[in-house]
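Residue numbering begins at 1 within each chain, and the chains themselves are lettered A, B and C in the order written.
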Amino acid sequence: MTPVRDRPSILPLAADGLRFEARGARLIDGIDLAVGRGECVALLGPNGSGKTLTLRLLHGLDRPTAGTVRWAAGTDTVAGRKRHAMVFQKPVMLRRTAIANVRHALAAAGFPRTEIADRAQAALARFGLQDLAARPARVLSGGEQQRLAIARAAALEPDILFMDEPTAALDPGATRQIEAMFAELKRAGIALVFSTHDIGQARRVADRVAIFGKGRIVEQGPAERTLASPETEEARAFVAGDLPW
Amino acid sequence: MDGAFAQAFLLIVSFDAGFLGIVGLSLWVTLSAVAISAVIGLPLGALLAVCRFPGRGAVIVAVNALMGLPPVVAGLLVYLALSRSGPAGFLGILFTPSAMIVAQTILVLPIVIALTRQVAEDLWAEYGDHLTSLGRIGRAAVGTLLYDGRFALAVTLLAGFGRAAAEVGAVMIVGGNIAGYTRTMTTAIALETSKGDLALALGLGIVLLALTLSINVVVFGATRLWHHQLR
Amino acid sequence: MVTRRFGLLLATAVALALTAGLPAHAADRFITVASTTSTENSGLFKAILPQFTRATGIEVRVVAQGTGQALRTARNGDADVVFVHAKAAEEKFVADGFGVKRNPVMFNDFVIVGPKADPAKVRSTDDAPVALRLIAASEAPFASRGDNSGTHKAERRLWQAAGVAPTGKWYRETGSGMGATLNIAAQMDAYALTDRATWLAFRNKGSLAIAVEGDKRLFNQYGVILVNPKKHPHVKAADGQAFIDWVTGPAGQKAIAGFKVGGQQLFFPNAGEPGA
């Protein structure tokens, strides 16, 4: 497997006019989002504003009712080997050891059988998780599980990693550890798109932010500027901490 | 009842060739049926859980209902099929252990498929997004689901084993209860009962129960060990 | 959905199922004989068949069912030889072309058993139909096989001879084999018609004992027939005929006569008897 930087990237990712309807309700509409190589984008907004759904559409877990998701290397499907991965709010842990979880993901992604054991070890060591290797994944703490999930996703050498509220259920200590992992991922050149309703986290970590409101992106732009002086009404309300609706 | 325990004890220590033959055949037939049902039923059950197709609901209901297929009916159907006057008569396996294995497989398979489906479906509800993200959807997810459900599936196979080991209707009809050839523990029990030798029949019953219990102890121990190796 | 690899696995599994039962037990030469449960339960086959196998090297696999089922099995071609005790049905079997020739082989007798207390007072007579008439009159419980077996047919003939059509709660049709019927009779303290062989070997007699025996009409003739290879080409005609020749010949007839339970001879060879 050639390292991230030496392969033609699947980025930039361009999503245009994404709309999703279910049971007669229009859940998100008119979502335009672009992600360049190595960029770190935070999706901000209150619960129910469409962040999770957008992530799922970008990653391909669901199909948009209208609109397109375009990758630089052509359209890509969820099935088959692809170079984007996703981590969920509640980490999905298989009923096996931590390292077996990583091995499973590597095998699923199609890495050569002979390399899997070493790659799995390296993936854990990279983030200081090697001591957890032989423990059953399901008995790890919430923070450990999430770190494992991210390490597992990173092991797949993706060009871009989607994360749905990765630290929402964690205490500050664990959150700090996760954000340290973000830094390492950024150093490796992996693009990150994550949802959060922690404005501070967006400020600490993101290059750009997209603020969601009621199924639309109400404002997006560079993180510093947008969060310091939001232009739209809804964005301002959100940053100020008011209930937008 | 004391007569029965005495009979059971005598049977075991006597190492009578005929008795051992009966025990051996019972195990061979039932374990073969369970093994074949596992090979066919585990993947099918998992597939049924993760694949969507028209009529899926009807298939699930049918499989669940077949868990209650009366053994004697299964035996009758297999007999009619394997009889020389029937469609598969050319195989010439009626009144042989092969026919008994076929009949018992038909009884065990629905149990394996139905329970595996439920286990796999529950696991998919939990793992679905992650596996889809990894590209393991549909057929490709079967291996993961079966492995992760291994403890529940072990019990499923035990349930299948119990059903096969306990039945007499199917093996009696398709096997013919031929002395020294297709006589199993359950058909022997039926025979001795019909001869009025109730103590011997009960003795055989006690041996059968002891055998089933032993197998369950072994499987439980094995899964415990497997569980512990994870820690 | 069913990919080629899975299909291959399926085929292997099925092949395994069908051949799995064949290993060590597969004898080179064997014939399948359809006979009745009462004959098998008496222990006759266990006693005489090893002698046949030693003499010819042919293994005999006996499938024991009710007479009706045995004849059906033979009719379907699932047996090579049929060995039952229902003369009329046997002759029809041959007449219909499913059997080559009916060969009388031996006879045993039926007995009427009943509770030692004898509520119907049948011990007063040696006449079987008269005994049945007494049972019907007193409505004492009677357990019938009710399964169209040779025994059941014999029982029906006796009721006919008695001029009585047995109906009512006292007449219980069990629909089962001889042993099961006797179990029920012992439980219910009922009368029953049984072949002597099964009775002698039966271990659950309860309070029952032989009430009527010796009436000529209680005699039970056995016939052995080769299934017609013209109807079922796969039938092992040569080996099947070898069995018939043996069992109706001097060696087999001697073996039959030599079979005793509790010192009593159960079956009486009469292969050469005209009109048997």
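In the analysis below, a residue touches a chain if its C-beta (ideal position, glycine included) is under 8 Å from a C-beta of that chain, and two chains touch if they have at least 3 such contacts.
Quick caveat: nothing in here was measured; it's all calculated off a predicted structure.
Q: Which one chain sits nearest the middle, judging by mean Cα positions?
A: B
Q: With chain centres defined as mean CA positions, report which chain is farthest from chain B.
A: A
Q: At what distance in angstrom does the C-alpha mean of chain C lie from that of chain B?
A: 32
Q: So what's the Cα centroid distance for chain A and chain C, whole Å?
A: 78
Q: What whole-Å value do you get for the distance between chain A and chain B if each is reduced to the mean of its CA atoms?
A: Once rounded, the distance between the two centres reads 46 Å.
Q: Where in chain B do residues touch two or more other chains at once?
A: If we look for residues of chain B contacting two or more partner chains, we find none.
Q: Residues of chain A touching chain B in their complex?
A: Of all residues in chain A, those touching chain B are 59, 61, 78-82, 85-86, 88, 92, 94-97, 104-105, 108-109, 135-136.
Q: Name, in rising order, each residue of chain C that touches chain B in their complex.
A: 1, 3, 6, 9-10, 13-14, 16-22, 25, 32, 37, 40-41, 45-46, 61-65, 75-78, 176-180, 182-183, 186, 198, 201-205, 232, 234
Q: Can you list the chain B residues touching chain A in their complex?
A: 126-127, 129-137, 140, 144, 147-148, 230-231
Q: Would you mind writing out the residues of chain B in touch with chain C in their complex?
A: Within the complex, chain B touches chain C at residues 28-29, 32-33, 36, 39-40, 43, 47, 51, 53, 83-86, 89, 91-102, 105, 139, 176-179, 181, 191, 193-199.
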